[in-house]
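Have a look at the structure below, then the notes.
Letters A, B and C mark the chains in the order given here, with residues in each chain numbered from 1 onward.
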Amino acid sequence: MGMNNKTPILEIEALNTTFYRNGQALPAVREVSFSVARGEVLGLVGESGSGKSVTLRSIMGLARRYGDVSGQVRWQGRDLVPMPDRELRLIQGREIAMIFQEPMTSLNPLLTIGLQIEENLLAHTNLSRAARRDRAIEMLDLVGIPSAAQRLKDYPHQFSGGMRQRVMIAIALAANPKLLLADEPTTALDVTIQAQILDLILRLAEEMEMGVVLVTHDLGVVAQTCDNVSVMYAGRIVEQGPVRNVLREPRHPYTVGLMRSVPENLPPRTPLYSIQGVPPSLDTLPSGCAFAPRCSACVEACVQGRPDLSRVTDTRHVACFNPVIDAKGNAA
Amino acid sequence: MSDATYNPVAQNPSKWRQALRKPGFVAGLMIIGFSILLAVFPGAFAPYDPNAIDYLAVRQPPSWAHPFGTDLLGRDSLSRVIWAYQVNMQMAVFATVFALLIGVVIGALVGYYRGIADLIFGRVVDAVITFPFLVLVIAVVAVLGPGLINMYIAITVVGWVYYARLMRAEVIAQMGNDYAAAGIVMGYSDRRIIFRHLLPNAITPVIVYWMTDMALAILLGSSLGYLGLGAQPPQAEWGVLIAEGRNFISTAWWLSLMPGIAIVLTGLGFSLLGDGLADLLRPRG
Amino acid sequence: MSAVLRIRDLHLRFPLGRSLMDYATGQPGRVVKALNGISLDLIKGEALGVVGESGCGKSTLARCIVRLHAPSEGTIEFESQDIFGDDNRSDRTYNRRVQMMFQDPYSSLNPRMTTGQILAEALSVHNMRPEAEIPARVVELLDLVRLPQDAQHKLPHEFSGGQRQRIAIARALAVEPEVLIADELVSALDVSVQAQVVNLLLELQQELDLTILFVAHDLRLVRHVSNRVAVIYLGRIVEIGDSETLFSAPAHPYSQALLSAAPTLNPDDRGKVARLEGELPSPLNMPSGCPFHVRCHHATDVCKQSVPALLPFEGCGEVACHHVEEINAHA
């Protein structure tokens, strides 16, 4: 994967995000480190409560309003974590854009979509009014909305779910960002529409030389879109590496379990592999490895201490005392 | 085990503990608790017979002997205000409870069955809410004649619509939850689904509204008493007491002020209680 | 092989807001055509999968079967009795024998009743057990869905999504049904929890000899659970047949597109997707002819004019497509 040789535009190191509820600290994200290069698509995959969305919101400076964020989020050499809101705002939306799961609620229902694209351009570019309009049409065109010029005057409710997600992408990308943070952008959509939107994101990432962090719970989406993947569990990255390697030879028992829970290439109506139990809640995390209580490969060390994310090959990192050695989790 | 009645107190003891930490709710509980005591045992609290006339002590200002002063017939104002609790608290209950019961049942039925009954109900609501409540009630009293019983009837005839409207909206919202559909699929009777499943989940805002409505009922009842359409003198009732002091407002201000304070205090108590109950009755999760 | 449920030419039109004036003048008002002539047999002991995109009518079909909706036309027969017939409409034994489980584990249980109360209610309403034996049966049911005994004293909010779905399954099983309708039973759950619930469902089907209608949008799950599959598009079945055959060689162009759009775990499958253009048309104004023709690469004039019938196609079950032979000859 040539992507890893490029210099990263975003480098995250030891990111911690803590929320508080009833005076209790909830460790939503712990020790998360990864980097993204231009043109690279990185998948952040995990189940609900794994911290994948919070990680995204911490990068964007959204999480610090509700909790404590520490560690480093280096954006082209500058650390975003201690950056004042005023400066951060110049980067949000202009250099780093974000799209969300629910396109209906993240668009303003009272403004035409033309206005919403131009609003972004007004905030982040010096384009003239006419140029902004042209750019808005160009963006709608780019994301595959037919007769773009006419649709500028339409309101969000006049678009279907898939079209709304396209509009949201058009708004996000209008100012030509270098990084796109996508939070489950296709979860609310049907598979045929999901395929269209993922295609679109991939195409735009390539054309605009844009880095993408794609948060999803679906390993299939990761397999079909991402270059690299980080698997998260209970706020930590448990496995990291190039998608092909990770999916061919998953090392962490959780990754193996996640892959084998998906009924693919299995005799029909046979029992599915299932990870016992449920993901832990953040207020009652075990002191050792958070996955230990559900893990079939759990050994004494897993209960005693927590494994660090450590390098197993040039490109692979795993946080496990007893990693899976053979490729039995392989789907192919 | 088969007895599935919902008992919020038994199920959520910690919620009660939480609610009792809120000063507003505690104050409301105390005000209304004390008001009920006064209403049930006025004789135990009133220092004098409320109807004992004493021509030698007419319109006396507040003193140790008569903390609220005396009225134009020399009756002890404090005793009259306390005895009025009996009538006014009774108003709070009787002017609302029938409207509540009728409204809840009709609202639940209309919300559950919808269809043409719902459309007709919608027109009834439109018709009722476009008229000022007081004017409608006065119109009904004018037809039936003044007096407490007629006042209760008048308020109920108009008031149930407000409860029904609230209940209908809440039942429709609850119908959006699959547990209602699950009840139908389980083959449960409509009655069971409406009253066992939907109603306990839909009733909270109605109960909260009921608290406010009791405060309004006291206000309305004393307004009618003041106008001579509700309780009739010599009965001690706050509206009647205020009306009696009306002509002496500059010389014997306590005659109107003390019952006025009683109205405000009880109204406040019901409102605070309603706020606290809203948190208490909401299901968790 | 006998059909437990026989669905014939089922149509359902939802009226959109009829005013009092409309009632008075007999105006029908605008309608959403949710089902457009579905015929289907549910065979005893099978698991029949129903797939399609959101809004295609698959959930509506499920809800019709349990009489949450009444069809505008067509019949559903259970043991040769029309379940919407005047005599049978209020027959509650049908509800006992055909049960349904819902998608949203957070709304399908009454938040004010404990698990024990929920199960006991089902048992006592249908007189499944004498009153005295109900507590023991509640424990048995919890055990059946692998929940601990003390779960009976807890309220729904104390459980996770997966556990709530187990409670919903236990409630359905309390009345000892023959048919289970599972409407997106696991789609709100995390992947690792989905597998647990699917395994439970498959085990229970074996153990209790259940017939299952498995409605879901996740094709991999449907393939795994079902013996037979029906693909629905805009309220019509476009293809129905044996699950393995249909999934390995779908014949209808829509089935083909749907299957290839589902992302697999194999990164080498990238770019192998038969791209489907456009989106589901609104059921408010249905295209004429074949409902799929506006998105279909193979559409010709005949597709715009006439609705293709669901006909047997060599070794593939039944397919509703005018060009099924040419399409599958190319492939």
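By our rule, contacts are C-beta pairs under 8 Å (C-beta built on N, C-alpha and C of every residue); 3 or more make two chains touch, one makes a residue touch a chain.
Everything numeric here is computed off the predicted structure, so don't read it as measured data.
Every chain gets a centre from its CA atoms, and the centre nearest the mean of all protein CA atoms is that of C. Between the interfaces B-C and A-C, more contacting C-beta pairs are found at A-C.
With centres computed as the average of Cα coordinates, no chain lies farther from subunit A than B.
Averaged C-alpha coordinates give centres for subunit A and subunit B that are 54 Å from one another. Centres computed as Cα averages put subunit B at a distance of 49 Å from subunit C. If each chain is reduced to the centroid of its CA atoms, subunit A and subunit C end up 32 Å from each other. The part of subunit B that touches subunit C in the complex is made up of residues 1-2, 4, 6, 11, 116, 119-120, 122-123, 176-179, 181-182, 184-189, 192, 196-197, 200-201, 283-285. Taken together, the subunit C residues at the contact with subunit B in this complex read 19-20, 23, 63, 66-68, 92-96, 99-100, 102-104, 106-113, 116-117, 120-126, 131, 134-135, 138, 155-158, 168, 171, 175. The touching residues of subunit A, counted against subunit C in their complex, run 47-48, 160, 162-163, 190-196, 198-199, 217-221, 223-225, 243-244, 247, 257-259, 261-264, 266, 268-269, 271-276, 278-279, 331-332.
Chain contact summary for the complex, subunit C toward subunit A: residues 47, 53-54, 160, 162-163, 190-196, 198-199, 202-203, 217, 219-221, 223-227, 243-244, 257-258, 261-270, 273, 275-276, 279-280.
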